[in-house]
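In the two assemblies presented below, chain A is common to both, partnered first by chain B and then by chain C.
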Partner chain A sequence: MSQYNDGVHRTLRDSDFEPLGEQSTTPLLVRPSRSYWQDAWIRLKANRRALVSLYLVIGLLLFTFIGPMIWRVDPALQDVDQISIAPGADRSALVAEAYEPWVNGQVEPDFAGGSGLRLAAEPTTLRVRLLWDPMPGADNYRVYRNNYPIEDPQALGIPLADITRDNVYWYEDRLDLRARDYYYAVVVLDELGQPTDQFETVEVNVGRVITAVEARNRGLVGAGESLAVGDEVMMPWHPLGTDYLGRDMLARLMAGARVSLFIGLLAPLLYVVIGVVYGASAGFLGGKADQVMMRFADFVVALPFLLFMILFQVVFGIGPGESGIVPMLIALVVLLWPATARLVRGQILQIREEAYVSAAKLLGASHHYLILRHMIPNTLGVILVTLTFAVPSAIFTEAFLSFIGMGVAPPTASWGSMCNEGLKNMLTHPHELVFPAAMISITVLAFNLLGDGLRDALDAKMRSAE
Partner chain B sequence: MWAYTLKRVLQGIITVWFIATATFFGMHSVPGDPLSGERASTEAIRANLEARYGLDRPLGEQYVIFLGNMLRGDFGISYTQQNREVNDIIREHFPVSATLGILAVMIAALGGVLWGALTALYRNRLPDYIIMFLVILGISVPSFVFAALGQLGLVGLNSAAGRTLLPVAGWGTVSHMLLPALVLGLGTMAYMTRLMRSSMLEVMSADYIRTAKAKGLPMSRIFTHHQLRNAVLPVITVLGPAIAAITTGGFVVELVFAIPGLGRYFVQAVQQLDYTVIMGTTVFYGAFLVFMVILVDLVYSWVDPRVRLQ
Partner chain C sequence: MQQEPNYRQSSAPIESEPAVEADKVPGDNSAQGQNLISAAGKQLLTFAIVAVVGLLVTMFLLDALAGLTSSQSTVSSSAIDYENNEITSHLRDEPPQMNSMRSTDSISGQVLNHVMEGLLRYDEHGDLVGGVAEQWALNGNVMTFHLRENARWSNGEAVTAHDFEFAWKNVLAPSTGSQYAFILYPILNAEAANNGEVPLDDVGVQAVDDFTLEVTLETPIAYFDRMVAFVTYMPANEAFYEQTNGRYGADADELLYNGPFMIESWVHGASMRLVKNPYYWDKERIRLDAINFAHMTSDPNTLLNLFKDEQIVMTNLGSQMLEEAMFQGWQIDRFMEGTVWYIEFNHRDGRLTTNKNLRMALTLAQDPGELVNRVIKLPGYLPGESLFPVWLQGKERPFRQEHPAPVYERNIELAREYLQKALDEMELEELPPLALLTGDSPNARMQAEYYQEVFQRNLGIDVVIDAQIFRQRLDKMTSGEFDLVMAGWGPDYNDPLTFADLFASWNLNNRGRYSNPELDAQIRIAQSSLDTGERMQAFAEIQRIIHEDVVIMPNYERGYVYVTHPELKGMLRRVIGAETDFTYAWIDGARDDRSGGDNDNQQGGE
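Take a look at the complex of A and B:
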């Protein structure tokens, strides 16, 4: 423009009308412009703990929904030959002949000879055959079986039988045999039938066997394959072992995850939505309506939570031993919405007084616009964080109720009920408690850390701190 | 102060009435009734039983009678244990739960304040990391797992020592209470530690701390009189809900450790559908919790006068 002011006239040329090339006069922005959510996402990604927990949550969802498609084992199916086995246990079995009754204490050729308490045949899960020499001064004998080495004559294990017939010095054990070591003892009984301190013991290493018919029936071998006695077949594989009824732990954990996540995700989602609607309307309406609505919410908050969770099960007619997943869901929603309602109301009241809302009102913004454009986006962060923290508490509640037997009923698996069952065998088979407990802990941990991360990421104060 | 107290107590009474009403109508809307078992075999027996429990009257009248009895502190007779009053059950078993709960809250509050202050003092150093890791563990592991692990640990400890250092289950002496109370308080302790840490960090950068330093107070005095005292306020606020969580959360610990507390009795009553016991214990527990929360609020308003003005 300056050429008109400096007083010199010149003719305009064509080149004066060509556009200028790229030349920026304004300074570059210090950082790219990002939306609130982009910003939060970037901060979340920078938080390693939150990111790991996010992966954990995704992994958990895959485990729950994709897992059962890959690991197609019925969680209620019992594998009676493999009860309470630990993960990675030996699962081979030898094919044996069908069981035949033992008559007259015959000894198999391989086991001939020897003295004292000894075996009369190869010990298998079908039967253990014991044989002993007559002991001096003995009228009768009592046979004991123990799971642990016998150190103290007072602790011989379970008495299996009293042998009272004359000239019988053998015993066949067929009682619930497992592939493990047993410690048998035979105690001499005096003429009154009282045990004396005279006894003999033997350690027996029982091998797992299966009959050919059984193996075929269960589909452990292909239809065309031939089976001979002494062949090795593989029993069904249980990557995480089995529980006290021989049910596959992995399949049960997946089934339990469905229950836990159903309650854990749906209940918070429902009550947070209800709480948001209730709290937002109370906060938005204000005045008398707000007071009445909030007083009612206060009453619900004051109800003793777990007591009423249990009461709800009763009121819905869910007795002990019946599955009450839907009542549990309803109870959670009914009892927990006020917390969200209070929070959202507080937020709305706060936002209502903000300068930008006054500015928007001044510019003629409608209620509709205010709610959609200012109230909801500004409370969304808080709501999201509440939701994330609500998930672990709902999962905890489900586990707790199932643990005391007021949640899901026996055939259905849930992490809480699995813990309850596992607790009974805690000393002998710790894996039955460890796996469900670990699943609960990992899930709760992941959602807690994710909530922490989200709270930090969505906190606008953190933005200026960078 | 008096006006505030009166207002809170009135609110509490209305809340208890709300709990009682909700429980009453909840229990009476249950499909079937407590007498529809084999006990009421004939019409005559049934009528007699109904008259005994007052079930033959209209619901409205029953409600009025229930409220009247409740005001006199009478919750009726147990359905499953004839000749045993609900009051007796509460009188007998509640002290056990209360003892356990108070011990647990004490452990939780003391531990939370101590660990929280420690983590704040050692911020971003090794003790902070270790304690915060344990806190996350404490929040994420359910109490029944802690209970089981605690028992397992005790079994190991006792057999290692060759004698019973602490009993694994049961009730009676202080040694019976220690582990259950610790297990019961663990989750709350973790939560309080977190709360204490953040409030302590906030207090530590406050102006009055700088002033205290500037006038040459020794660090120990600043810690006890300025930092701890101000930082502990948020922990007191959550004491009310914590007592609520701990007393109602006591069921599991009472079940696992075989403690004859009211929580265990409540679960048992629910399993046997013993309606009077369920109603009585719920109202009693509800009233207890409501007034505990009020008590804590009053204490808080006494410690921090700003609350009263709101």
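Take a look at the complex of A and C:
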């Protein structure tokens, strides 16, 4: 007995078959349709940290590629008048006569007279000329220079020279003169050449000068302008200071950024592509082929990177003055693809078993179609995230290798080699280390945070958790 | 639904506390938030305290452990030990070995000059005085040394003329393979014997009796007495040498000492301890009881820190350390090392640098004064002018004062003219890049980069830098794989000839293979003449030829700026012999049993 047989009889009327009227009151509960990428972009925009990082990365790209067009200073040019100057240093200088060697200790008219240790000419950054009277019972003298006022006769500063020639009571100092106060001292030496406690001192205020020829060569004045001794000119401007050879830090940072980004973008791009192809093939083929391919990937993972890098340099025959960048690129690509390959293989293995793939197979989809339509788009998020994390690690590797001297050849700059050079002068000229180190840190941090944001935005699983 | 009351109950106790706080701050509705913050703050504070305490405990533990281990392994931890009259210093590196007959490096030379003594030595004024030899005289071709009878080996045996004869013949034996054998070549048949052409017995050195050594020279040379002070001329005890089975000088107990000190212990790669030699004939002179070379490193920053912590008695300063040294108020000294540094051109056939106009152009485009004053920035350095350094003695006054070196002033226009001439001669449109071979130290790289830019800017010449480690650089220099090489030369003995014969066509150290009969003729005169005036004239000629033919581009004479412990007196820095000589040093204020000690202390304290 079925319930339909003895149920209530209902008569169908004509009106039952008439269409319903317009139902405007029904709320529309459909979200606007957004593509995967639109959705990801909205998520990324909501993540302020990632957005700031994105701006930083864009800024870095501008710095690297547009920067050299605006700041047209040769990164290899040495400004020997301004070695190791800090950013924002005073750069006004007076035009002076060309340097002439001081041969017989003559005194300039303005400086005639006086006694004891005294100046023989206006002290400038070109030279400081000192003169003293013969001291009783002394044949030999030693000239000292100090950055601090002399208080202790044991601590007179740095010994510049021993004056041992007869009838010479003058000395010309040209050693690394800066526009500042110096405290000179001249000490009598005994027969053994040891300093005695008989000494005289003088305080000297050195003025910054540049010769007219130099000023013209450096283009500090216009072609038609006249230059007279005593005119004030401005030395070349170095917004971030100069390094130990007087090279412009800003220009070198820009040149270094090019090397860092070349390695940092190209290497991950290459090895991620290789990793994706390899991992996808392994995952898709499965079985024995998968086993063999993944064991080979394990083998590559086990290779020590640094040792391989050194071997590459040898095998490639990196000769004198040649850059180690290409072997570095190849070593990075050859050794770092397995990580991506493993990741992609795992994803593919998972996707292969999904119902929609089976359905597509049942409907007769070709392998080609399956890979292009289902597998790759579904792993794209993972691949992109890997890529953004690979960039900072590659930049860091490049900086590290350049730091230990296996990267670029001079005079090419790289952030790593600049750090290495700056390390020597860390205590006296910290800006030589701080700027390149800050560039490396900011770049690596920006790419990492951006990668974080991208992972949050692209990962399908994170989306459902929201 | 049932869970809700439970939930409220459980939250009640938490709310009870802020109620107290809320009483204090009436009308504050963020009481709960404050509570959370204070709870989190408490937790953070606890973590911070635990972390700090943990760190401190670990530090103290590690420190105590380090103290335990270091007191067992290292000999002394302070620069000056007043109690035991000892000092602690450093060596730049581990000495390869201590065999004076095979030694080639300055580090083993430094130690050997403390533990061994040759026929002659240099005193505190740098004058040549008798070492094992008491008297010596040159008579025609024959130089006779009379040895003192109280010179002893550290096993008590007398140092005899036979020990010298044995050592010198051993140096010359082809089987020894000593790289410094050439320094014995003034001796009759020495070169032939070293090449295996005549037996060793024909070499002109003979012990007439135990205390008389007769040396026959190839030609009478005026400077032979200065040469015998060199390390390679030091004696060796034959019986002891045979007994070491080829390990002579490889360890502290594989060596017999006749110098002021002896090696008590040698921990390879870590430390070395020298103690006063009780058998030394002039032991009254030696005032230190022991020297600890407790560190073997050449890293300037490490050494500076050790010096700051009073762990070592002296260290050299780099240009970036001068500011710190002035700030600390240390007593700073300078010392000319005596070496000359230059860029050597490759004169081998087929090299671009065989063109004299090109060499001239490169030389005129640079200024050694700029390199020294602006780039190197160390006061010990002198801008290079000549192959002969300033300290060499001439006839009466220093050689360079008697014969001032001609120099090329920087003149870029002229340099470009010479370059054009060179290009025309070689029929080149543009010069291919030149290879500049250099060392791999930071300073060598810095100088190479400086020159690279100078030649690029002034002449438009590309220079590629080939930075190599020392051994590799030497190999490349020997095989001639360079256009320009940054090289240096240090003196082996105190005579201008040690520099002058460097570019003789037969000298293997002439890495650029420069060959000029005119120069060779002058070198022959300097080698064989006995008249000082004539020799000095020859040296002046050599200086002129090297300048006019632009054989080298002088860069600088190297010097050091260094700091010493204020209580250590009498330490010597030498151009020839031990670079740092402690044999005349004493500690100011230390217990000194000798009669003259108090007097000296007073002098030092003034």
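One rule holds for everything that comes next: the second predicted complex is superposed on the first by the 382 of 466 C-alpha atoms of A that agree within 3 Å, B and C clash if a C-alpha of one lies under 4 Å from a C-alpha of the other, contacts with A are read in each partner's own complex, and residues count from 1 in each chain.
Here, a contact is a pair of C-beta atoms (placed from the backbone, for glycine too) under 8 Å apart; a residue touches a chain by one contact, two chains touch by 3 or more.
Everything quoted here is computed from the prediction, not taken from an experiment.
Novice: Touching A:P392 in the superposition: chain B (first), chain C (second), both, neither?
Specialist: A:P392: touches chain B, not chain C.
Novice: Given the touch rule stated above, what does A:L306 touch, chain B (first), chain C (second), both, or neither?
Specialist: In the superposition, A:L306 touches chain B alone.
Novice: On the A-aligned overlay, A:V315 touches which partner chain: chain B = first, chain C = second, or both, or neither?
Specialist: After superposition on chain A, A:V315 lies in contact with chain B alone.
Novice: Which partner chains sit in contact with A:R165 here, chain B, chain C, both or neither? Use first/second/both/neither.
Specialist: Touch status of A:R165: second partner only.
Novice: Look at A:L370 in the shared chain and tell me whether it touches chain B only, chain C only, both, or neither; answer first, second, both or neither.
Specialist: neither
Novice: Kindly classify A:L449 by the partners it touches after superposition: chain B alone (first), chain C alone (second), both, or neither?
Specialist: first
Novice: Classify the contacts of A:L433 with the two partner chains as first (chain B alone), second (chain C alone), both, or neither.
Specialist: After superposition on chain A, A:L433 lies in contact with chain B alone.
Novice: Kindly classify A:L175 by the partners it touches after superposition: chain B alone (first), chain C alone (second), both, or neither?
Specialist: Once the two structures are laid over each other on A, A:L175 reaches chain C alone.
Novice: Taking the superposition on A as described, I'd like to know which of chain B and chain C A:F400 touches: first, second, both or neither.
Specialist: Once the two structures are laid over each other on A, A:F400 reaches chain B alone.
Novice: Which chain A residues are contacted by chain C in one complex and by chain B in the other?
Specialist: Of chain A, residues 319-320, 405, 427 contact chain B in one complex and chain C in the other.
Novice: In the complex of these two chains, what residues of chain A are touching chain B?
Specialist: 298-299, 302-308, 310-315, 317, 319-320, 392, 396, 399-400, 403-406, 416, 419-420, 423, 426-427, 433, 437, 440-442, 444-445, 448-449
Novice: Could you pull out which chain C residues touch chain A in their complex?
Specialist: Within the complex, chain C touches chain A at residues 124-125, 318-320, 322-327, 329-334, 369-370, 372-375, 377, 379, 401, 433, 435, 437, 440, 442, 445-446, 448-450, 452-454, 456-457, 463-467, 561, 566, 606.
Novice: Give the list of chain B residues in touch with chain A in this complex.
Specialist: 11, 14-15, 18-19, 22-23, 26-27, 29-32, 136-137, 139-145, 148, 152, 155, 244-245, 248-249, 251-252, 255-256, 266-267, 270-271, 273, 278, 281-282, 285-286, 289-290, 293
Novice: Which of the residues in chain A come into contact with chain C in the complex?
Specialist: By the definition above, chain A touches chain C via 76-78, 80-81, 83, 145-148, 151-152, 154-162, 165, 174-176, 192, 197, 244-246, 319-322, 405, 409-411, 421, 424-425, 427-429.
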